[in-house]
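Sharing a structure, written as structure tokens. Questions coming.
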Amino acid sequence: MLEAEELACLKGDRLLFRGLAVRLEAGELLRVTGPNGYGKTSLLRILCGLAVPEHGAVRWRGVEVRRDRESFHRALMYSGHAAALNDLLTPLENLRFACAAAGDDPDEAACAEALGRIGLGGQIDLPARVLSQGQRRRVGLARLFLAARRPLWVLDEPFTALDVKAVADLTATLSAHCRAGGIVVLTTHQDAPFETPPRVLDLAGVAC
Amino acid sequence: MLEAEELACLKGDRLLFRGLAVRLEAGELLRVTGPNGYGKTSLLRILCGLAVPEHGAVRWRGVEVRRDRESFHRALMYSGHAAALNDLLTPLENLRFACAAAGDDPDEAACAEALGRIGLGGQIDLPARVLSQGQRRRVGLARLFLAARRPLWVLDEPFTALDVKAVADLTATLSAHCRAGGIVVLTTHQDAPFETPPRVLDLAGVAC
Amino acid sequence: MQWESWSAFWSMGGAAPFVWGSYAVTLLLVALELVLVLRRRRDTVRRLIRLRRVTAPDRDERRASKEMFE
Amino acid sequence: MLGPFFAVMRRDLLLAWRGRADVLVTLAFFVIVVCLFPFGVGAETNQLRAIAPGVLWVAALLSTLLSLHRLFAQDHADGTLEQLLLSPEPTALWVLAKIAAHWIVTGLPLVLVAPGLALLFDVGQGVLGVLTLSLALGSPILALLGAVGAALTLGLRGGGVLLALLVLPLFVPVLIFGAGAVDSELGGTGAAAHLLLLGGGLLGAIALAPFACAAALRIAME
Amino acid sequence: MLGPFFAVMRRDLLLAWRGRADVLVTLAFFVIVVCLFPFGVGAETNQLRAIAPGVLWVAALLSTLLSLHRLFAQDHADGTLEQLLLSPEPTALWVLAKIAAHWIVTGLPLVLVAPGLALLFDVGQGVLGVLTLSLALGSPILALLGAVGAALTLGLRGGGVLLALLVLPLFVPVLIFGAGAVDSELGGTGAAAHLLLLGGGLLGAIALAPFACAAALRIAME
Amino acid sequence: MKTANFDDRIKRSKSLLRFAAPQMFYPLAGTFAPWCLAVAAVLTVLGLWIGFFVAPTDAQQGDVYRVIFIHVPAAWMSMFIYLVMAFWAAVGLVLNTRLSFMMAQALAPTGAMFCFVALWTGALWGRPTWGTYWVWDARLTSQLLLLFLYLGYIALTQAIDDARRADRAGAIIALVGAVNVPIIYFSVQWWNTLHQGASVSLTRAPSMASAMLWGMLVMALAAWAYTFAVVFWRVRSLILERERHTEWVGAELAAHEGRA
């Protein structure tokens, strides 16, 4: 489904990696690891089409993503370092907007339910500005419950700032998505309690 | 050394905790735990004097901190959620400024060495803007090596975004600081490999 | 030749500040630009040479990367 | 297809409503700039009347400029822009929605209060209509052109003022035709030609600016 | 004791140097605003000459205003301000350092180019000195007063323009005396009284503004 | 191996397009630049000689008019360079050739310099002839706005330090500016004629003395040659910067090191 070939990433003067190839089939979960600054975030942004690689190409169902950006992005759900929350809007409003902007349009009840499931039932009406770090993160992750139809999830350090229980819940959600035939690519420095140990791509191995 | 009495924290119309008391002696390491949104960050900001508690008082060596802000702040080193980095300056410049602003004035060589120790030897001349998430975090933490003379360290989620090796290093540094008679207060959701399990203050216990 | 004397030439029929002001500033700017351009070239070369020395150990890798970019 | 268009529009209007103060202060800035002039140039009525259309137009232009950097900055900082760029729908579409919402919030109020301010400068009642119309046609052009500049300078140091440098030369023709419309109405030539040109400019800007803006945003996020 | 003062000063000047474009573009904004006026009000030399001091002063005021929100915003966003407030030295001291660095970077260049721009409006050479002096005394006052406003509006939604609303009324007296100095020099009354008042205002502002600013910052960070 | 093949392929290819490859253009520019500068120097001396010693004093203006020998070439160059710059920006965006963006960026400072020179000399000329340094005449005003367009382009490309982003963002603003240049020009023309009668305008002497014309033309040619020289040098630095990871730059630098 998702293939990357011969990827190279150059940042300023530094070649982070090159000749990186990866191929993911339905149901796979890939964990990208590597020490700080080895290019995990850079790789994920390239896979999403947010950044252009110095060399190489990314393919989705055999089509280069730059050729058919729209259908690739219809299949993708990305969550980056930044939470994509507006401080003035409530978690509910933020979530509805995030879905609508991505082209889905879930109704309010579905969004409220997703927020409840992720443990923000009590904060549904607060402006996002006053949320705690972990609560902000959760709003972004609530989209996962509404994006089940999107096969490809790309998550950059999703466990940051989450408490232990939330980490376990999220891990379960990710596993369920894979069992249902989805693909997950994630980075994390924490040890997440996956039932079956995920496939690992260690950037320390391909680094230049 | 550091005492807090009868602390209460009110946010909006939510009382996060009340009647919280804690007393730390030289050489102690306190880990504040609790699920997301239970008030860890709020507590730490109160302890530092950045926020005023709804009720109660914080004392440093027996003197209320509001009475003698300056000598309390001379003894304190705080690292919050935000990294306090300017994107245009290099890590070296950022670190030197952070120290100078806090009233210390280490020379350039000492700063460069601290950065080298924390694993940023190769990034010393890059603008902070291009650093990876973990590298940004490290610049802030490099101050720990230069703040050994300050007895009280208050760290809000210092392990976020750090890779496994950096977490281990940081843990060792904290333990060493305590052995030398310092005090450390930190929050984290991750399990850090402390040699001796730290004292724990669980906010889930005092939450309202 | 139109000028009776050098001093007549320099006074430009009374418009000396304007004429010579124009020419002087132009000359200055052109000279400045040339100096800046040449200095930039020198600095670039020096900087890149220094950079090459610093990264000398992985020069082989760089060569490999170049091949890859082709 | 229009999903993101309306989602962005609705959200931006909601945000403006939530941060009500914002709307009021762009307006307030306009009013204050206009009112500062008499302090600067002295209170002679004839002179003030002569410069009034120019002052109003320049003030409108400056207020637009001042509010422009907020068009994408917040969304850029909090990661929303990244998410929008990953939207499967065409980028130019939601960009247009953002610009439209921005104009409704910052441009429209100016158009509405301008006649009132013109009266303070003792401008003849006959030309108030032309003044309003010229602003109504011109200020969306300013917003559209400015959006391109805002996208280009996104996340750069000194963004706000760099933006000013980039777009002000582009604003000059709008200013000339806008202020010129009022003057030629006063001079008796009639403002039709100026207004037609402004209208044509508006159509051109609507057709081109969102695409330039979308390209600039993609470049900025690389 | 002066450690943080010089540290802050050095850093802010270094930052300005690093983002060199920034310095140039505040200046550019000033230049462009001044140059826009003729397009708005028409190119008649006499009229332009009459409004020139006012226009220059209003433009200086607007450029100052526009650059103000950058005074603390960046440090607030990245957490530096939090750290500075935890500094054991007096807050007013490093606040003064920040303001001084800001003026050197944004105010001083305006003072230096103003005479050149005055020539574009064909202002008599005799008053150029007074114009420059009035700006040299007035623009630091603007920076000091503006800093208090910037601190008060820190982190608020619509900060930039809310700031404008807060400080413009405070700026008006400065504008009146500043532009007035030039006018009375032209009118033959001599500018001494105006300039003395500006000088007095400057001393007062230096004495008081840093403390007000420090208090505002502590409140903003709570 | 592959690299060598690629280089060979470029060298063998007969088409002119091969010079679009930075490593081909780099030595070419290096060879031409000094020659261009020499030509510029010779032409300048010739032009100034014509201007100051052959051309007669003007009946109306006296000797002030001798500013024309830099004023007009500078004004021409400033306008022409902007067009060339926009052209390269467009080529870069369409064909995605790195060298085009570099050319655009190398041209901008020289264009801005000529623009400023035209303004400065015009202002100094205006003082004795019109009695003022500046009037808001259409032509002068559009020249001023052109300077702002240049400065905006330069400031933008300088503020972005990722080369790829700087190239493309700069190209967009150059093109938007180019679309606006005619609009600005005509609007300003209209504005001025609307507001102000033809009290002052650039009325030129009815029959320009032919020596004067020649002087102007020679100086214009000198400006051309100078522009070529400076732009070639600047683009060489840019190429080195951008291509620093490639092998041929490595070889080039090694050669430099050897010489030093």
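Residue numbering begins at 1 within each chain, and the chains themselves are lettered A, B, C, D, E and F in the order written.
The working rule: a residue touches a chain if its C-beta (ideal position, glycine included) is under 8 Å from a C-beta of that chain, and two chains touch if they have at least 3 such contacts.
Worth saying up front: this structure is predicted, and the values here are computed from it rather than measured.
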Winner on C-beta contact pairs when E-F is weighed against B-E: B-E
Chain of greatest Cα-centre distance to chain F: B
Where chain C and chain F are represented by their mean Cα positions, the distance between them in whole Å: 14
Length of the line joining the C-alpha centres of chain B and chain F, rounded to whole Å: 56
CA centroid of chain B to CA centroid of chain D, Å: 45
Length of the line joining the C-alpha centres of chain B and chain C, rounded to whole Å: 51
Multi-partner residues of chain A (at least 2 other chains): 13, 15, 52, 81, 87-88
Chain E residues counted as touching two or more neighbouring chains: 18-19, 21, 25, 28, 32, 39, 42, 77, 157
Multi-chain contact sites of chain F, meaning residues that touch two or more partners: 148, 151, 155, 159, 164, 191, 195, 244-245
Contacting residues of chain F [partner chain D, same complex]: 145, 148-149, 151-152, 155-156, 159-160, 162, 164-165, 168-169, 172-173, 176-177, 180, 183-184, 187-188, 190-191, 194-195
Contact footprint of chain D on chain E as seen in their complex: 18-19, 21-22, 25-26, 28-29, 32-33, 36-37, 39-42, 47, 50-51, 53-55, 57-58, 61-62, 66-67, 69-70, 77, 156-158, 160-162, 164-165, 168, 172, 175-176, 179, 183
Residues on chain E engaged by chain B in the complex (per definition of touch): 3-4, 6-8, 11, 14-15, 18-19, 74-75, 77-80, 82-89, 94, 221-222
Chain E-touching residues of chain F, taken from the complex the two chains share: 132-137, 141, 144, 148, 151, 155, 158-159, 191-192, 195-196
List of chain D residues in touch with chain F within their complex: 145, 148-149, 152-153, 156-158, 162, 165-166, 168-170, 172-173, 176-177, 180, 183-184, 212, 215-216, 219-220, 222
